[in-house]
Amino acid sequence: MDARWNRHKRLAQDIPNGSYVNLGIGIPELVASHVPEGRTFIYHTENGLLGMGPSPAAGESDPELINAGKRRVTMMPGAAFFDQATSFAMIRGGHLDLSVLGALQVAANGDLANWSTGADDAIPAVGGAMDLVAGVKRVFVMTTHVTKEGEPKLVQHCTYPLTGRGVVTRIYSDLAVIDVTERGFALVELAPGIAFDFVQERTCAPIITNHARK
Amino acid sequence: MIDKRVGSTREAVADIFDGATVMIGGFGEAGSPIELIHALIDQGAKGLTVVSNNTGTGLVGLAALLRAERVSKVICSFPKTAGSTVFPDLYRAGKIELELVPQGTLAERIRAGGAGIVAFYTPTAVGTPLAEGKESRVFGNREHVLEYGIRADFTLIKGCKADTHGNVLYHRTARNFAPMMATAATVTIVQAADVVEAGALDPEAIVTPGIFVDRVVHVASPALESALNEAGASYP
Amino acid sequence: MDARWNRHKRLAQDIPNGSYVNLGIGIPELVASHVPEGRTFIYHTENGLLGMGPSPAAGESDPELINAGKRRVTMMPGAAFFDQATSFAMIRGGHLDLSVLGALQVAANGDLANWSTGADDAIPAVGGAMDLVAGVKRVFVMTTHVTKEGEPKLVQHCTYPLTGRGVVTRIYSDLAVIDVTERGFALVELAPGIAFDFVQERTCAPIITNHARK
Amino acid sequence: MIDKRVGSTREAVADIFDGATVMIGGFGEAGSPIELIHALIDQGAKGLTVVSNNTGTGLVGLAALLRAERVSKVICSFPKTAGSTVFPDLYRAGKIELELVPQGTLAERIRAGGAGIVAFYTPTAVGTPLAEGKESRVFGNREHVLEYGIRADFTLIKGCKADTHGNVLYHRTARNFAPMMATAATVTIVQAADVVEAGALDPEAIVTPGIFVDRVVHVASPALESALNEAGASYP
């Protein structure tokens, strides 16, 4: 696999200049480090800030300037603070252009499971994930193609509890970029050095390769 | 680099199409975006549905848009302010449709439209003619009426200060419907007397965050309905 | 009739210190001139201001600092501006202590008609009246007891289109103060020099006189 | 003369009763009114239903209230922040009830409760376990779920600045749920690091107007969960 290709960089290329973007906690946050030259994205964090900036310099952090992952952040020129009702009005009302989320499972029909394994002893916790998938114009999933145990995450039907039905637009895995279409998963691009069959073998649903994209 | 400024009110309203739904801020003259409305008159779009609390006074601004017969329907709470003659004449002549909505329900329907809330139950208007024909339901021994969110194609509002990202501040009671209307349209257009660079406004004090705004046009000395009417103005 | 008694002053006496009050356009606004010594009321105007003050001094008015009647006003220390959704959240959510409204008709069951005579050529216009009666904790009506034509305004059933059902708490007329109770109209107080029969004759529903009030 | 100040956190929470529903502001530690929560622990009310986005970390603040077994139910979107052990332990032991609500639905339900909107339809959570058992309805080919407004007996929130009329400003992302919670309780109690006379705050910049606030208590140097936890603190 070509070390120069990474899915964060690849995803960032698909975000138009001036987009309002919500990056999920964890891996999706790394997209912010790969903004293409000449583009500006405005980051929304659902706990009440538009115009979120990177982590603060040492000694300059504010415990009440945090992101949805409760990590300390900064703000950019043009930032605005607002309450939770307004923040989720942005989300639910379709004002955000893009949400990038992690996944436990994505189904061929766009169903997403990313909040609970449904295990008996799990503490259920959902945060803003269900609001994001219900409201944001496009939902990108950023995930490893399989779990640590080698189980495929791209499946025919999700077995974990859903976050939303038919909500995922596109998946950026370590192996490929895959669209969710009316005909199911459709290959957009393979990571350099990755063969299609290698991806298909690690995916529990057919991936079509002849999908015409706009 | 994000810059939502457009060069003129003309450019700002250029794509408003025949039959569009247009929300227009203002309560009386406070917050009425007169220059944007006049640009819309010049632009010529017709068959509009206008969502606005009032219907304008004299022969300028919103009243002038109605008088030019560009508006087929208004969604409004109070269309008969003192000094309002254009709307009453058109209404009595059967030339304009009126959907009368209680002011708070109007505000909440616009907010709902912008917030992705498709419908809500409110106690307002139960038992009155304005609830007739509407679905109602009893919650906790009290009757409520089902009201629907409203969305528009365009919103025209007046801020006192805006930045290049579209963050907006308002002047006193000129705020009124603008913050909700900004959220509820496909394209939100703000005229502001002062337009500054991103970073010049206090992030804690911003009333309308830029995500809700598409175009900002600088109108340095906005006219007031009352001053125009005292001067006997009419538009065009 | 005793010129020293007036219904605005009488009504103002019934408002506790610190109350949040919305005064309807026109006659009800005069209540603000009769605040009893030692009390402070905070006035709400539904177009987006809490802490409204009196009319501005000459030359100091701001055309964008107006009340619901679109007249220019001032603001008091501690005032706040807000949008219409917030303003009506205050109203509908039961945060205002009192609304004082005018009336075309008030029925013995508390129904209020004050927005339309229902005439064929009338331009219907409702403003915030229906929201106020639906949401504010207490609704006082301030009205002349009869119309200019001598028609009673306090009736058994409203014939004009309603503003709200069973919403009026108390009526302050030029002749009497009358409560709306489960048993219908109940006399609280007669204006000085006014006889009960004089009031009853001008009222199209019985007024009880033995209602125990808290 | 209006003055909503009370002399101490103890006095501020004195009338919170057993079985009360209490909304508590904060997203993580930002906006958590730790001193009011600690005063509530001292006060002793039990069988509480707490509405809050999280469940606290370490052994202070909200986590300490839970650990003292004063809370029988939490209504919450995310009860398992890193560093949160008290809630998970109580939950697994069956000692506390959880009503899990998506964060945006939680915010909107609180707002609705405060705004007199009894119920609303939202697309959030449709098709998920959190919509199970709820009424749903299709509007415009899309399924929506009916959600109800929430009200509380008391709200505890943290402002950075408040005035004697109860107008409140917040610090950055400490704002989060506080403005809605302030509207949705019978009694709203604010702790603020700075308390000023009415008239000292800019009327254009006020976030929570005083009508929503009943008591203001001055807490000059509010503690932060992270600092207390780093110091190994526990309460009481």
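By written order: A, B, C and D. Residues from 1 in each chain.
Here is the rule we go by: a residue touches a chain if its C-beta (ideal position, glycine included) is under 8 Å from a C-beta of that chain, and two chains touch if they have at least 3 such contacts.
All values reported here derive from a predicted model rather than from experimental measurement.
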{"item": "For chain C, the least number of touch steps when starting out from chain A", "value": "2"}
{"item": "Rounded Å distance, chain A centre to chain D centre (Cα mean)", "value": "29"}
{"item": "Inter-chain centre distance, chain B versus chain D - centres from mean C-alpha coordinates, in Å", "value": "34"}
{"item": "Contacts with two or more other chains, residues of chain C listed in rising order", "value": "75, 81-82, 85, 88, 91-92, 134-135"}
{"item": "Junction residues of chain B, two or more chains touched", "value": "108, 111, 115-117, 122-123, 170, 172, 203-204, 207"}
{"item": "Arrangement of touching chains [line / ring / star / complete / other]", "value": "other"}
{"item": "Contacting chain pairs - touch in the sense defined above", "value": "A-B, A-D, B-C, B-D, C-D"}
{"item": "Chain C-facing residues of chain D, complex", "value": "1-2, 111, 113-117, 163-165, 167, 183-184, 197-199, 201, 203-204, 206, 209-212"}
{"item": "Chain B-facing residues of chain A, complex", "value": "17-18, 20, 40, 42, 44, 50-51, 75, 77-82, 85-86, 88-96, 134-135"}
{"item": "Touch list for chain B against partner chain C, complex", "value": "27-31, 53, 77-82, 87-88, 91-92, 98, 100-108, 110-111, 122-130, 170-180, 207, 224, 226-227"}
{"item": "Chain B residues within the chain D interface of the complex", "value": "108, 112, 115-123, 139-140, 142, 144, 169-170, 172, 202-205, 207"}
{"item": "List of chain C residues in touch with chain B within their complex", "value": "45-49, 62-66, 70, 75, 81-85, 87-88, 91-92, 111, 116, 121, 123-131, 134-135, 161-165"}
